[in-house]
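We just call them A, B and C in the order they show up, numbering each chain from 1.
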Amino acid sequence: MLALNLLINGLVTGCALGVVAVSFQLAYSTTRIFHVAHAGIYTLAGYLAFSMVERGLPDPFAIIIAALICAALGALIQYALYATLERRRASHLSVLIASLGVLAVIQNVISAFYSPNIIPFTSAWRGQMMSLGLTEVQVATLIVCLAVFAAALLFARLTPLGKRIRAVASNPFLAEITRLRPQQTYIIVMAIASAMVAIPGALVAMDLGLQPYNGTTVLLTATIAVIAGGIGSLTGAFALAVLITVLQNLSLLAISGEWSVGITFFIFLIFMLFRPTGLFAQR
Amino acid sequence: MSATTYLTISGVNKRFGGLQALRDCSFSIGPGKIICLVGPNGAGKTTVFNAITGFLKADSGEVSFKEHRLTGKRPQAIVRLGVARTFQNLRLFTDLTALDNVVSALPDQFGEEPIGATFRPFRTSRAQKALRDRAAAILSDVELSARSDDFVRNLSYGEQKLLSIGRVLATGAELLLLDEPTSGLSGDALESVMALLRRLREQGRSQLVVEHNTRVVQQIADEVLFLHQGHVMAQGHPQTIIADPALAEIYFGGAL
Amino acid sequence: MDFLFSYLTLVAIFIILSLSTNLLVGIVGIFSVSQAAIFGLGAYIVGYCLVNDVMSFLPALAVAALASLVLNVLITLPSLRVSGDYFVVTSFGIQLLATAAFTNLTEITGGASGMPGIPPAEFFGLSFDSGFKNFLLAAIAATIASLWFALLMRAPFGRLLRAIREDELAVAAFGKNVLFAKVRAAAIAGVMAGAAGGLYAVYLSFIDPTTFDLNASVLLLTMVVLGGARTLAGSIVGPLVLLALPQLLTFIDIPTTTAAAVRQGIYGLLLILFMVFRPQGLVGEKL
């Protein structure tokens, strides 16, 4: 039954990772910036929710407010940093390095302000077992993350804003000259993506505790899901995220947990060698 | 071997999304001539260059140069086989002087890989001296000797165009694909480039030249290829092509 | 005085690392956060060989340099053929994998508690067992690395790399093999980083995984960014300034639990500030 347990846990964490992947996908395919600082926002959300729950706020509100703060931070990073660099015609490499700088700042401010060590997150939802051996928080994660994914799909396909984002994503140059105002779109997209990633950030923290530096590994796995699923495919990213997480979990039957990064990475290398465009690529 | 197997393109197709850029494109040219590739905007002239020189992978068709098959090869391999191109937007190395731009295109340089550069520094600098002399000779062929130590940003547009031809000469390629070498030029600068192309022809360098200026075409072309919607519609003597009213219709929407 | 030698020895070692990172990131233009992994590989190989008496210092250093060369080439090779952003993922992955390996292959590396008791370097009958002698060794190595870097950059190889940075397609159009040039640069960067690792191991006589983690890679990037990309001077100024930073911070009252985080946070802040306000660093060229 261990395998089944691992499978179900994998599905739960996979859906959380799926939202991380979709949110990254959204930002990347629109702004073309490999926003590594996204990992920092993911991590920050957990700590923000923690602080609010400590002050007596109910969990759902803590998550929502954390998401809003993260949205603002994401928008700020785009507006104050990325847009400035683009105006200065900075090289792609410079933007990557700046993003890495933001990640380092966020992670280390958290570490200095709270603690460099793991902090357990005692939310009201923890430790209450439900069927299938899942805690309440895990069930919440599963449902909420699937819902967020569905919402993202609908948003991208149906709403005018979603269509505008897709237009800007597919041709930023054309968008610039037809007054679709890509810069404004970028800020909106970054806000949405940051709010999105805050949700699994907070939920997973409620399940597993808080740690300043593990966002990097999470983002790495999520970006592999995005690339393997095909840049441009939200469904591909989500599906691959779930698949990778389940496989990582099942691999625990054979090898120890510290090597799970290796499994993910190995899968990535296979894709890089044989199918760089991913499984569901649209372009 | 007949002259027409010099450069042969047959049945080349290339589609970009909804646009068929090259459509069953076929032609052959012989050696030692200047052949102008003309056609209205969007006809696919630069695309032909990209397909021949390996910057684009054609969907189908074959390209061959003398006894070599060029299809599917990478640009660097194709240059070594003797076919090199210039770019419409020049793409000169702006941080370097005119001389260094030419030097950078010379093939087989000792010291271009680190082992030689590390363990034989003296041979490297001797080789560099020889290369610089060769580059200086090329610069004098294109009449830019006076500007050899000037940085690219300080050269006039006409001089930059001459330099880009100098650079492609440095590769040692037998067949030069020149993408709009005279565009944006007039008067003396234009005459210089035309004179250069003629001189190169005397020296035995074949040239396939994308050209919009009909006066230039009349003055330098031995043969003209008319390209329209990715397909070669006509090939022949410049006078014949230019005088053809149907082609003029396509090119201008009226008579020349 | 011993303290000064300690600082200068570290500076010398990090000059070599800085040159390596400069070559990869500044000159070829690859975003690399896995330099510390290569540094660690070199350190662990030399450490292991000396502690277990497998071979003496110079051969161990050669093996470390070779292994680092191979690893760096393997990492960069697939990504050089596909788009640049894929390399970001590869680089992070390698770095995290390396940290996992250093921490978990306890039999070989000593695991999280590290590898103690690495004997000093010995060759040609000399034993580099004092602070001053280690400084000398590191300084000589740094000088050799700097001269090598300068030599390569002045040679056609250096010019080719600069041209590739400016316009890769044009370089290919003139018959040069761009892929080979980039791989060669990655190989050299690997050799330098691995050798620096070996020097570090014999200098400190104790190594552990936390020295070679993602934070260390960020520090290396910060050195190149602050000192300045693509110049020899930048690779010297970067380590000089950034290795003095921890000492300067001791004048401010920071609790020890947060000292590391404050340092790392400052590196991040420096990266941002320099990219926005001074991308050429103090004495370099624009990244």
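Observations on the structure shown:
Following the convention adopted for this analysis, a residue touches a chain if its C-beta (ideal position, glycine included) is under 8 Å from a C-beta of that chain, and two chains touch if they have at least 3 such contacts.
These numbers come from a predicted model, not from an experiment.
Overall, the chain located most centrally, as judged by its C-alpha mean against the mean of all protein C-alpha atoms, is C. The chain with its CA mean position farthest from that of chain B is A.
Chain B and chain C have centres, each the mean of its CA atoms, that are 43 Å apart.
Chain centres here are Cα means. That of chain A falls 48 Å from that of chain B.
Each chain gets one centre point, the mean of its Cα atoms, and the points for chain A and chain C are 30 Å apart. Residue ranges of chain C in contact with chain A, taken from their complex: 25, 29, 31, 33, 78-79, 82, 84-86, 88-90, 92-94, 96-97, 100, 103-104, 214, 218, 221, 225, 257-258, 260-262, 264-265, 267-272, 275-276, 279, 286-287. Only residues 148, 151-152, 155-160, 162-163, 166-167, 169-178, 180-181, 184-185, 187-188 of chain C touch chain B when the two sit together in their complex.
Put simply, chain A touches chain C in their complex at residues 34, 36, 81, 84-85, 88, 90-98, 100-109, 111-112, 115-116, 212, 216-217, 220, 223-224, 227, 256, 258-259, 261-262, 264-265, 268-269, 272-273, 276. Put simply, chain B touches chain C in their complex at residues 53, 55, 74-76, 79-80, 84-85, 87, 91-96, 100, 103-105, 107, 109-114, 117-118, 121, 124, 128, 167-168, 170-171.
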